[in-house]
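What follows is a set of structures for review.
Each of the two complexes below includes chain A, the first together with chain B, the second together with chain C.
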Partner chain A sequence: MTDVTASRVAPIKGRWQARAAPSRPGTLYLLCWFCGSLLLAFLVIPLIALATHQSAQNLGEVAGIADVRDAIALSLEGAFLSAALAALAGVPLAYVLARTRFPGKGVTAALIDLPLAVPHTVAGIALLMVFGRQGVFGEPLQALVGLKFWGTLAGIVVAMLFVSAPYTVNAARIGFEAVDPRLEQIARTLGLGPWRTFLRITLPLAWHSIMTGVTLTYARSISEFGAVVILVYYPMTAPVKIYELFLRFGLEQAAAAALLLLIVSLGLFVLLRALAQRGVPASGSR
Partner chain B sequence: MKFASGLCVALFCSIAVAPNVVSVVQATEPSTLTIYAAGTLAVPFRQLNALFEKNNANVTAQAQFGGSVMMAKRITDLHQDADLLAVADYSVIPKYMFASPAHAAWYAGFARNAITFVYTDKSKYAGEINAQNWYKILARPGVEIGRSNPDTDPSGYQTVQMLSLAEKFYQMPSLEQSILANAPLTNMRDTETSLISALQLGQIDYLAIYRSDALQHHLKSIDLPAKINLSDPTEAAFYKDGVAHTKNGDLFGAPIVYAITMVEGTKNAGLAEKYVALLLGPEGQAIMKNNGFGAFSPSYAVHIEAMPAELKKLVKPWPGS
Partner chain C sequence: MSIAVAVEALSLTLGAVRLNKLDFRLGRGEILVILGPNGAGKSVTLETIAGFHRPDSGRVFLGGRDVTALPPEQRRVGFVVQNFGLFPHLTVAQNVAIARRAGRAAAGHDAGLPPHGDPEALLSYFGIAHLAHRAPAGLSAGEKQRVALARALASAPDLFLFDEPFSALDAETRDQLREELKSFLRALAIPAIFVTHDHDDALALADTVVVLRDGAIVQSGSAAEIFGKPANSFVARFVGVENILPGQVVAASDGLFTLAVGERTLRAASSANVGSPRHSILLAVRAENVTLLSSRVAAESPGAVNQLQGHVTGSRTIGPLVMVQIDCGFALKAYVLAPQWQAMKLGQEGTVLAEIAPDAIHLMSE
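Now for the complex of A and B:
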């Protein structure tokens, strides 16, 4: 038993050791750096082109438009709620998928990936069927609690969640699967209940993966246009606003607003990544 | 062995055929004609493209559809290569394409359209509405009306202009305001056709749209009077009284005339010219008519002197230009 514990705990320590060790300039690293920098350049150069296309003055002007600020704030708000809902419902789903066997598990896992393959306009129309004025959820929710999805924040959130939740579920599932069940069993034999085992053992070990998934969901939500615009055009989210600016004024204003959104997003992603690295705050060890 | 002999035959054939292929290519080089067109033209232009490709071997006619202003800006701002631009509102061409540096020198009107409201059996008061009482029904509380954005889309401001004209036509000062109260910003999109799904799913009851779209989507529509529906070029003087207040300033009503122009400096000028000739000629006009548009014979054009000689024969001067 102790052997097992040692061997399972070791990789976690090992990760930190590997990071602390000085990197040797081997051929492997050089090749990885070469291939990686090609992709990095491919990803970064278009963004640099966008950034250098306009002056700081342009950026300042666009940042001064209340409509643009409101749209960016609305996107961040919607994406935050979408990511929070994805975490609240997606992490338990991922845990069940990682830890239990049930008939139709393969189909369930495939269904979770499906929203990624659905064209986003189609996703929007499907959501309107269900959450619209005459939809199976839309009609009773409006009648009972006055919740509307047409032209509201709720509509923005469901559209964002639909296209981005799979990222959280998949990443969290991989994280949970990487946690050895025997670790949980040991914790149980040492007297921890199932809840405390989950909170003090499983969740902290899977935390990094979960946060990566939540960050991806958040990012995907901010950028979503196609599904959102079917349900909600006004109030405008940032992508809709950028498109409207392009139609009304042309490239300059639209690109400046897009850059503004990128800068705000970049700051948030750095923050979220840092949070993912720090480890689980609710581990109970403090 | 069998594979090897097959390979030999294939090699031989390709060597024998190759020179012929080259000579064919030299005779009529395969080329692609790119047409940027208003979204409402998608159905007739696909038919027109098929006819054009049949008449011109080795030519692919590729149309891309979107909002008229968007398509113009893709040429002027994004410098995308298009040979022809066809817009839902002729004024888009002088406004964007004539501006310095000029991307076009003339335009020809090739179809007319009208503003209407479409609805389904599920729409509120669908059983009651007709061409006489429409403006009273659309103003009733609880009716949801969809429309396109007047700040970015011609059909958006044309709808507002039509309502402004209806106010004068029916002598009912609050008409526009009370109908627009049922068409809040949440019921608005960049282009009204993206609201058709919302109409069919019962999210909205009525949708302001072009007559051509009503016909092509097999939707019930209200036949608005010609005096207000912007379909009649001879009513241009009255239409001017219909005004839409937009973020781009006040826009005054005008007949809905679709216009086409050739993009200056295109490599495919010869083909583009042929395409316009087909569109303005009897075959093209028949296709437009079959898809719910008003046809012209002959078409109107502005700056005829700048048009290619063959096209000059097909047009007469735009009234009042």
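Now for the complex of A and C:
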């Protein structure tokens, strides 16, 4: 499961070129292309079907429903907070994992991947036990600061974060590991303290990977259903709303709302990816 | 020469590397080359001097300050690594401008040097002002070296540290950059420690060579000493002495030795105190100190010393030289200029006479 993340976040240079470019396409490449095309078609055709199934009128109608708009907005908001929290806590964790050795490091790295292997309904139930009314965190947090995780945005964020944080941690870790420690050492000898070195050398160089991971966390958070639906049914995020529409009104309405969510989340995903590609804040290079 | 840098009894255990009471001193502008095989602790030594590892014991003095307890950013060392370690996300000018002069005022630098706080002046000094807005990725190795030096200089260093900067370069570029580096270091008069496993680096750059093995100094001295009079067979092999021959002392008096090597007897003039008769010793003879004579010519000088007749068993052209392998009871290698080798008349069955001057034989006890 680590590999899945890794292959999605690690940028492969010259990805369209075979290493030793053969003068004519070999059978191997043709076969690979053939198999790959099947998968690509499998991934894309359902989305195209979803998109072409709808009339613009139908889409407009669904977009006019306040519940649907609210659900999509709630999804975006929750995913944003989830991605922000993942970045805030996950990037430091990734940095220690990339740069230090400590007992139990292997176990820690495996733990981070755990949510990817756990069915999300299971994750939801586990979270309920911790953040629910009688939960280890849920009960005292409500008693002390009035923070509730059931029926609130906080609960949605918790559920989203649990299933999507690994993407940020793993991608950031790969990004940090790719930064030559020698560059950090040189920065130190040039008079930059550990903080300045991190902010001016390490972070900018790992920026692309970190943003790729945060983008994946964001996307995964928007799409999360299982954990959210168990921990927080109301207020409804978009996937929950779509499920409800499907149960109550059937395919037509659900599909229209689904397309709407798809358009919004794909648009954001493309935008975020573009931002990540730009890379490197605070370096002022170029 | 006043002491600019001193490393005193530096010891450190770090994973598999164990530095054992390293001791050396550098004067102003002196270049010290630490020579040793991979795993000898060369890089760890540099990193400890730079402040990345706290030594278990020992002290480091830079520019008269005890820096043993200081973090790297307060030590004022210029660190240059393999491939020069330019920050890839910054332009050349930004690479140089990022340096902060830890605790040192911009004024008061040495006369003739560009002001440390002025990146433009630094780039001009190294003749690379035109590269200021380029990204490091597109630079040649020579340009990268100049940027790395300019950047290191920007932090007003008391010492330069070089960790095998040339090890990824081809031989020709390496020669060129070595010469360039040497002239820059001479002009800057800042002491430098240069770590390498390439003895050509040591020969070309070093005022002093320290040979490191398993974290301990095996020998230190001038390049001429290390290469001409290696302390033991490890150093001899490492600095590329082609002939290391086991022998026995037959007689020794006044620095004149009579030695048995296989069935042969050789004379050596050596100041080395390598023991009395019947002691086993090692002879180190550089291939360029073995002279080959056409066997017919030399047979006419019966009184000659250390003339060995042997068969040529092989030859290999290395640039303008030919490395000739001879079997004269033991294997011996000799360098001959290529035209001389072509003109040489070999005797029957490829025999040749090899001659070694007594003072070209260096004796080692181990």
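Basically, the second predicted complex is superposed on the first by the 242 of 286 C-alpha atoms of A that agree within 3 Å, B and C clash if a C-alpha of one lies under 4 Å from a C-alpha of the other, contacts with A are read in each partner's own complex, and residues count from 1 in each chain.
Just so we're on the same page, a residue touches a chain if its C-beta (ideal position, glycine included) is under 8 Å from a C-beta of that chain, and two chains touch if they have at least 3 such contacts.
Values in this document were obtained by computation on a predicted structure and should not be read as measured data.
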Side-by-side fit of chain B and chain C on chain A, or clash: fit
Chain B versus chain C as contact partner of A:W150, first or second or both or neither: first
Chain B versus chain C as contact partner of A:L128, first or second or both or neither: first
Which superposed partner A:F34 touches (first chain B, second chain C, both, neither): neither
Which superposed partner A:V229 touches (first chain B, second chain C, both, neither): first
Which superposed partner A:Y243 touches (first chain B, second chain C, both, neither): first
First (chain B), second (chain C), both or neither touched by A:F42: neither
Contacts of A:L205 with chain B and chain C, given as first, second, both or neither: second
First, second, both or neither for A:L251, with chain B first and chain C second: first
Distance of closest approach, chain C and chain B, by C-alpha atoms in Å: 50
Chain A residues within the chain C interface of the complex: 180, 182-183, 185-193, 200-201, 204-205, 280, 283-286
Complex interface listing, chain A residues touching chain B: 125, 128-129, 132-135, 150-152, 229-230, 232-235, 243-244, 246-248, 250-251
Footprint of chain A on chain C - complex, ascending: 47, 50-52, 71-79, 81-82, 85, 87-91, 94, 98-102, 135, 151-152, 154-155, 157, 161
Complex interface listing, chain B residues touching chain A: 67, 69-70, 73, 77-78, 122, 144, 149, 151-153, 184-190, 194, 197-198, 201-203, 247-248
